[in-house]
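Below is one structure. I have some questions about it.
As written, the chains take the letters A, B, C, D and E, and residue 1 is the first residue of each chain.
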Amino acid sequence: MNKVQIDEILNKVNGIKITHKRKTRIRVDVDADSLPTLLELIKGRASYIHLSAITCVDWIADNQFELVYHVWSYEEKCLISAHTRIDRGSEKNPAKYISVYDLFKPADFFERDIFEMYGVTFIGSPRMEKFILTEWNGVPPMLKDFDAEAYVQETFKWTDYNPDWLQELTDQGGGIAVKPEDIRTAGNTHNMSTHRERDKAKAAAVKANDKMQGWKQ
Amino acid sequence: MKKELKIKQKERTNPLAHVFDDFIRFCQSKSLFMLHYCTGCGAIELPPAMTSRFDMERLGIQPMVTPRQADILLITGYVSIKTLKRVILTYEQMQSPKYVIGICSCTVNGGMYWQSYATAKKLNEYMPVDVYIAGCMPRPEAVMAGLQRLKDNIRNDKKEHKGSAWKDYFKRYDYYLGNQQALFGEDWQTPTDIIAEAKLYGLETEETYGKHTKLLEKHQTPLLPQEMRIK
Amino acid sequence: MNALHLMAELIFMPLIAFIVGMMMVLMMRKISARLQRRIGPPFFQPLYDIVKLYGKDTQISHGLIHDIGIIMAVGGYIGAEILLPVPGMEGIAAKGGVITLSYFLMIPSLGMALGVGQCANPNGSIGISRALTAMLAYDIPFILVVFGAAWHYQSTSLIGMIEYQQVHQWGIVEMPLLAIAGLFALQGMLGKQPFEIYIAPAEIATGPMVEMSGKYMGGLFVMQTFQLYTAGVLYASLFLGGGTSFLTLLPKAFLVVALPMSIAFMFPRYKTEDVIRILWKWPVMLGLISLAFIL
Amino acid sequence: MKKINYNDKGSILNPLKNLQFYARKPVTEPLGPRDASASYRGFHINDLNKCIGCSSCQKICDNAAITMVEVPSIKEDAAKGLRNLRPAIDYGRCCWCALCVDICPTSAIEMTREYVHTCDGDETDSYFIFPKETGIHGDSFEKGWTKTEDSDLLDRIRRPMGEMLSEARIDNFDEIVDGFTLEMAVQEASRCVDCGLCEDACPAHMHAPNYIRSIYEGNLEQAVEWMYETNPFSHVCGRVCTHICETACSLGHGEGESDPIAIRWLKRFAMDNVSKTKIKQIARKGKARKKSGKSIAVVGAGPAGLTAAFDLVKKGHKVTVYESLPKAGGMTRYGIPNYRLPEDRLDQDIEVIQSVGVDIKYNVKVGTDISMAQLYKDNHAVVMAIGLQMGRSTRIKGSDHKMVVKAVDLLRMIPKGDKVNVPKSAVVIGGGNVAMDIARSMARLQQQKYGEVNITLTALEQLGKTFLADDEEVKESLEEGISILDARGPKQCVIKNNKLVGLETVKVISIFDAQGRFAPKYDEEDLQFHQADMVIEAIGQMSDVSILGEELTEELEWNRGRIQIDENGHTSVEWLWSAGDMVKGPDVINAVADGHRVAKDIDRFLNK
Amino acid sequence: MRPENYQAVKLGDSNEYEIFIGPNHPGIEGNYAFRLMLDGDIVVSGKADAGYLHRGFEKLMEGRLWIQNLAIVPRICVPDPAPMEVAYSMAVEEIMGIEAPIRAQWIRTMQLELSRVAAHLFTFGGHAATTGMYTPMFWGVADRDLVLDLFEDFTGGRVYSIYNIPGGVRRELPPEFLQKLSNLLDYLESRQNDYDNLLFTNQVFVERAKGCGALTQSQALELSVTGPNLRACGLAYDVRRDDPYLVYDELEFDIPRQKHGDAYSRILVRRDELFQSIRILRQIIERLPSIKGKIRTPIPNPLSWNVRKGEAYARVESSKGELAYYVVSDGGDKPYRVHVRGPSSMHAVQTLEFLAKGARLEDVAQIMFSLDACPPEVDR
């Protein structure tokens, strides 16, 4: 099947945008409504029978989820990535979409995964239940608005090392200057000139010391 | 700082008791059954350590499949919270004296997954650890070195008190339970009655009890064996 | 033979069995090590294991029957040891004979079944049900072999059999087929691959042993030493002419044990029904043919 | 390869063939650790002398395993780019990926082949290590993973800067350096590892990592914004800055060929490519809405004065700058030749400063036109930033001849458009940048007038070792046909018939005495004569402090001929601050930094 | 402490009972669990229970710089980490529009094939152990260790090589390396007879493995089974040939396949693949010295690669099957989204559940190991 023929089949779907990225990759953008039609079409007409993966991307700025269905054809030796966007929903009204389990059995796994990690409910998927995150009670963790690092800092304690060499250095007036967490909390990894962090830390230390002094008095 | 804890110790009257104890300790150091629970990536370096190339059996260490028979619990790397529950269950089911070896960075300070929401960061908050082996993951030789260290510790336990970290679990149960509850929720319980066991060994101290054990009593349902299944 | 002498024998025979058995365990582990291209455990490893298991602080019992089960398992073998004559010591072998011995050899399995049943671990239960099935499988050829041997030597006493072989030729020369059948039964009795179905760690996490710990596990380890010893000495006595001294007996016994071990590490396990099929097919067939010759 | 057919039943005897392994030797390795491979990623070592504390390792560490600790016993030197921070590694996090090794600019941190570390349960402190030359346990192991040319993550080579050829540039004062193209600038900016050593080293603490980053992202306006936070003379500094930052740059510390990032050229690129109106907008950002009602007078419209004025105006004060010359810029205009700093660029900087609200009064000479006392009367504070406008003399024999001139005076004449007496041949005494400037300026004038260059430069210092002028300057001068005679001290100006014939020099043995004081020693035997129509002295400048007036001079405290100031530029007189070259020596960026300091202090003083 | 009151669970009135295999169980590969409903020895239904190895990989990767992710990617599948690195690097390269130098591509190919050899040697032992034969495991792991020695030689790490970097590889091969590799291949080939005798033509093993967990081709396609497991069902599909990457189109190799889709077919396919890998490696040994040049296209600014907006779906044939990385960049210095499609996520959940149904309890472990499922790929 050549490029023209596949385009012909794909063009039967309304509002489709086709990008031939390279020989074995075709990117297709469709509306959420017509995606099942598209999948049915390429599976039935063009031998795309292997569902390689379903990916969900959280475009939080657009308030949308992007669902990407990667479908491979053993005969054409070509991968179609079908992109569609759905509404991101809210906590009360989580995002919903149609399951493609009838077409592709492996969708069971991927849809359950997306359900767990993003909270998208797939209507018609056989097992919309927790699988990997059975011990997790928080929000779906893959959402961009879940700040895992903040959660970790809040939940866990770190080992408080105090080896001999550090004590020695502290006695000499040195010691820990910049902790790795400090540069990370500064936001991005850039804009984190070490000396500034150090100055900040020092200033904070001095402040704290002053406070202590104040209390003592 | 750990407080010095008073321990009610049973009196031994048999004059040969010490000789006997020493012999048993010697044998304990020479024969270790290892429950290797693949909690994480480090487990991949255990097969080499067990098999022909490095042959752990030379040290008298062999794998065992059930916790009841095992002496060593190897925590091979990161423990996700789901695994940690099972690890604690397993640990409590093991028979004293029992030893825990923390392998890889992850058991010390979170390791590679320090920013992961799904893994526990410090193993020694949840159970006493005897020996740590550094590496990500440590090579089989390092694992062997760690095991040798454990063996030495066990043999010299009487002098140096290094090979009996497991007693700490009973002595400071409240601390460990508190950390477990903080992570798993208040209604966390295991089917093993640690307090009864502590009483049995005469290892109960003031720190065995506390507000966390009270909480446990409140939430504890009677121990039924197959309830061991965790939701 | 006075009572004191007998008492001493009753103590020494199991003791010797225990010590030799431990060496056999060591040999087994060394064989596996050699075939797996490694060095293997140190010399005293079996002893360390047993002492350690008995020295555990925690000992979990699952009730009286559990305890009795283990006692039966070990006791059965101790009973078997004193029925098994060794050079210089006959114990009560003259009174018991090989038939009693083979009954004693069934006691451990039954004891295990009792003990494990009490643990209520599903894995254990599956394991023990498999073990009993396996017992059923290897007992048929075993009985055939014992029966054939007894018929051939015209004696049910092991002492008699050994004497017969000292005078005539070794049993293995006179009835090779039966000896081969005996080897099959031995493999099954020792529970080694390919008849290892009731241990099966990958399926039922070591089956009957799953809930055993501390001294109970130690009991099983002791039982294993006796088991190997019994199997070796019994077979040596039946087919290899026993021995006039330990120097002649023990090498034979060790050889007998080494043979199934060498095979064991080369094979996977059969499924339960295959175990029965194989054990009821070849050894029984061989045994019957052999019997036909003997009779 | 032997094929196995699925339908084969296999054989029960096949496995027994492996009983041959009774006869084969075990493959078990002896107990105890084996030697690891030559590139093994084992435990870290760190050469504390090579390490400069740039903390790149900390930044690239994906596991947040590296903590920078301060080691007081190590000397810190911001100007050289040396911090006393050293990495400490948390083996409770590390994954031995060796990215820290691969990024280390100085190849200080490396990995050994040591890999066994075990500890008891209560000894986790041993997991937090401070790598030194010896490994975690203090033993020496062979090195494992070290940086190779392939694994180096850093781009060591500076993007070449386009320049006019010497033939093309010798007869004019056009700017020599082409400047970066966008592509080159982004490439150059991409080399930055964001260590901030440059920022530490810069007297004005310009946010170099930030603007480099902005350039890398292609956001030049953002870059200019970062610059204007600390430096209103970005055009000037983008061209003629002494770029201490580049000396400090961690990339410059590398072994072998490793160039620092061209921070100066990047600054220049960003400034050149943002429109003037946009820059004005940016400069105005952060200006106080409310007028404070206080007024300040600044004497001297050089970088220091204007920077102080710029800052103070942004704080809402009223500032008047008094300049004796017809144009602002001070030494940047009247000391730096056009080929290095085109006038229109300087004009633009000044225009931007003026656009913020700085009022400059030209051709007003303080001391004659208006007295200091008057200034104080009219204003709440006065800043003296008059710079160094008088050349120093060698005071050798014959140096009072009219054809023995001072470099500053000559340099000032050229942009002013005054007629310069161009000699056929000239000798320049001095090895600093000013000497280079005058030599090269004169060379251009000679070329214009006579079509050939005949300039000799003599300096006390040795070329390539202690030479004061920038390497580029030396290189370019040589290209332009100037002959440089190093390690020669002036002996006397030879005057015959009241006419200058040339200069006699002697060989220098040493410049400083044992105490490090300036006391040159000469080898009087090694005498040379250089024929010249003009001798130009470029050995240093000094300040004309006569404008202060006697009263004030009395009142002020002095230190070796300079006004005594505290660290904020405050003199002993309450209302007088002093800034710039006149107190800190000749350097634009120092002057700017000084301006900021003074402005901050004045603001604090006025708001008291 | 003394749970004397143990009792068997009886579920309802049926004869079914439940057995929980895992997570700490020798019959489970890695840290995984499988809940079985049994009727006698027959499995009525099985349900996979994953998440024991969940680290939130994809979330972690979103929080790290592009370059920092290099260290974390191989950890997704521990027994076969090299394809993970390569797939990630390939995806990033595709987005950035750069290509690794030819020599780097050859070295990568070599690394992938070595990794496949190591992984297969590991699998044989695991598979054999589930049937009660431990010697192949001892042999296989020991022989795999020799491959790991080579990895240590040229990547500096035994298991996690962290050797690939978008743009190429991090280090040139050490001197004499190819000779060492060639010696190893000779050794492995000399071991072929031993393995054949012990395992592949062992009658008892053949009997156990034949017919165990049989999958027809259409079932396999429906369940998205890939890799050796699919080839054991008769479809010669291999990403290396059908969606070529690196230099596989210049190499000569066969794609082994079997028709029956059972455990024995699968292990035979793996055995054949092992030798195909050796064949590929021999070609690489021959060709590599003549391929000179750089091994890395440097990407400027290690702390913040300029990865332009875009996405890429990079597929690699790992020892387990089709491995894919879907990487999305929003132009920032960290990936916006990374999705890992581990081949085992298809094998260990739906396929295993499907095959377990109706199987004998004895076979469940064998089915799992014969699928060569790697739980961390499911959990991520």
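Odds and ends about this structure:
Just so it is clear, a contact is a pair of C-beta atoms (placed from the backbone, for glycine too) under 8 Å apart; a residue touches a chain by one contact, two chains touch by 3 or more.
These numbers were taken from a predicted model, which means no experiment stands behind them.
Shared contact partners of chain A and chain E, listed by label, are B, D. Identification of common neighbours of chain B and chain E yields A, C, D. Using the mean of the Cα atoms as each chain's centre, the chain most removed from chain C is D. By C-beta contact pairs, the most connected chain pair is D-E.
Rounded to a whole number, the gap between the C-alpha centres of chain A and chain C is 60 angstrom.
Chain A and chain B have Cα centroids lying 36 Å from one another.
Separation between the centroids of chain D and chain E, computed from CA atoms only, is 53 Å. The set of chain A residues that touch two or more partner chains comprises 133-135, 141, 148-149, 159, 189-190.
Annotation for chain C: residues touching 2 or more other chains are 33, 35-39, 58, 60, 120, 201, 205, 266-267. Of all residues in chain D, those touching 2 or more other chains are 15, 18, 26-28, 36, 59, 61-65, 90, 92, 95-96, 124, 127, 194, 213, listed in ascending order.
Pairwise chain contacts in this structure: A-B, A-D, A-E, B-C, B-D, B-E, C-D, C-E, D-E.
Residue ranges of chain D in contact with chain A, taken from their complex: 53-55, 58-59, 61, 64-73, 83-85, 88, 90, 92, 124-130, 194-196, 199-200, 207, 209-210, 213. Residues 35, 37-41, 43-45, 47-48, 50-53, 65, 67, 78, 80, 82-83, 86, 90, 112-113, 115-119, 136-137, 139, 191-194, 196-197, 200, 223-226, 229 of chain B are the ones touching chain E in the complex. Against chain B, the residues of chain C that register as touching in their complex are 29, 33, 36-42, 44-45, 47-49, 51-52, 55-60, 120, 201, 205-206, 209-214, 217. Across the interface of their complex, chain E is touched by residues 24-25, 49-53, 55, 57-58, 68, 70, 74, 77, 79, 81, 104-106, 108-109, 117, 131-135, 141-142, 148-149, 188-190 of chain A. Partner chain B is touched in their complex by these residues of chain D: 26-29, 31-34, 36, 62-65, 90-96, 115-121, 123-124, 127.
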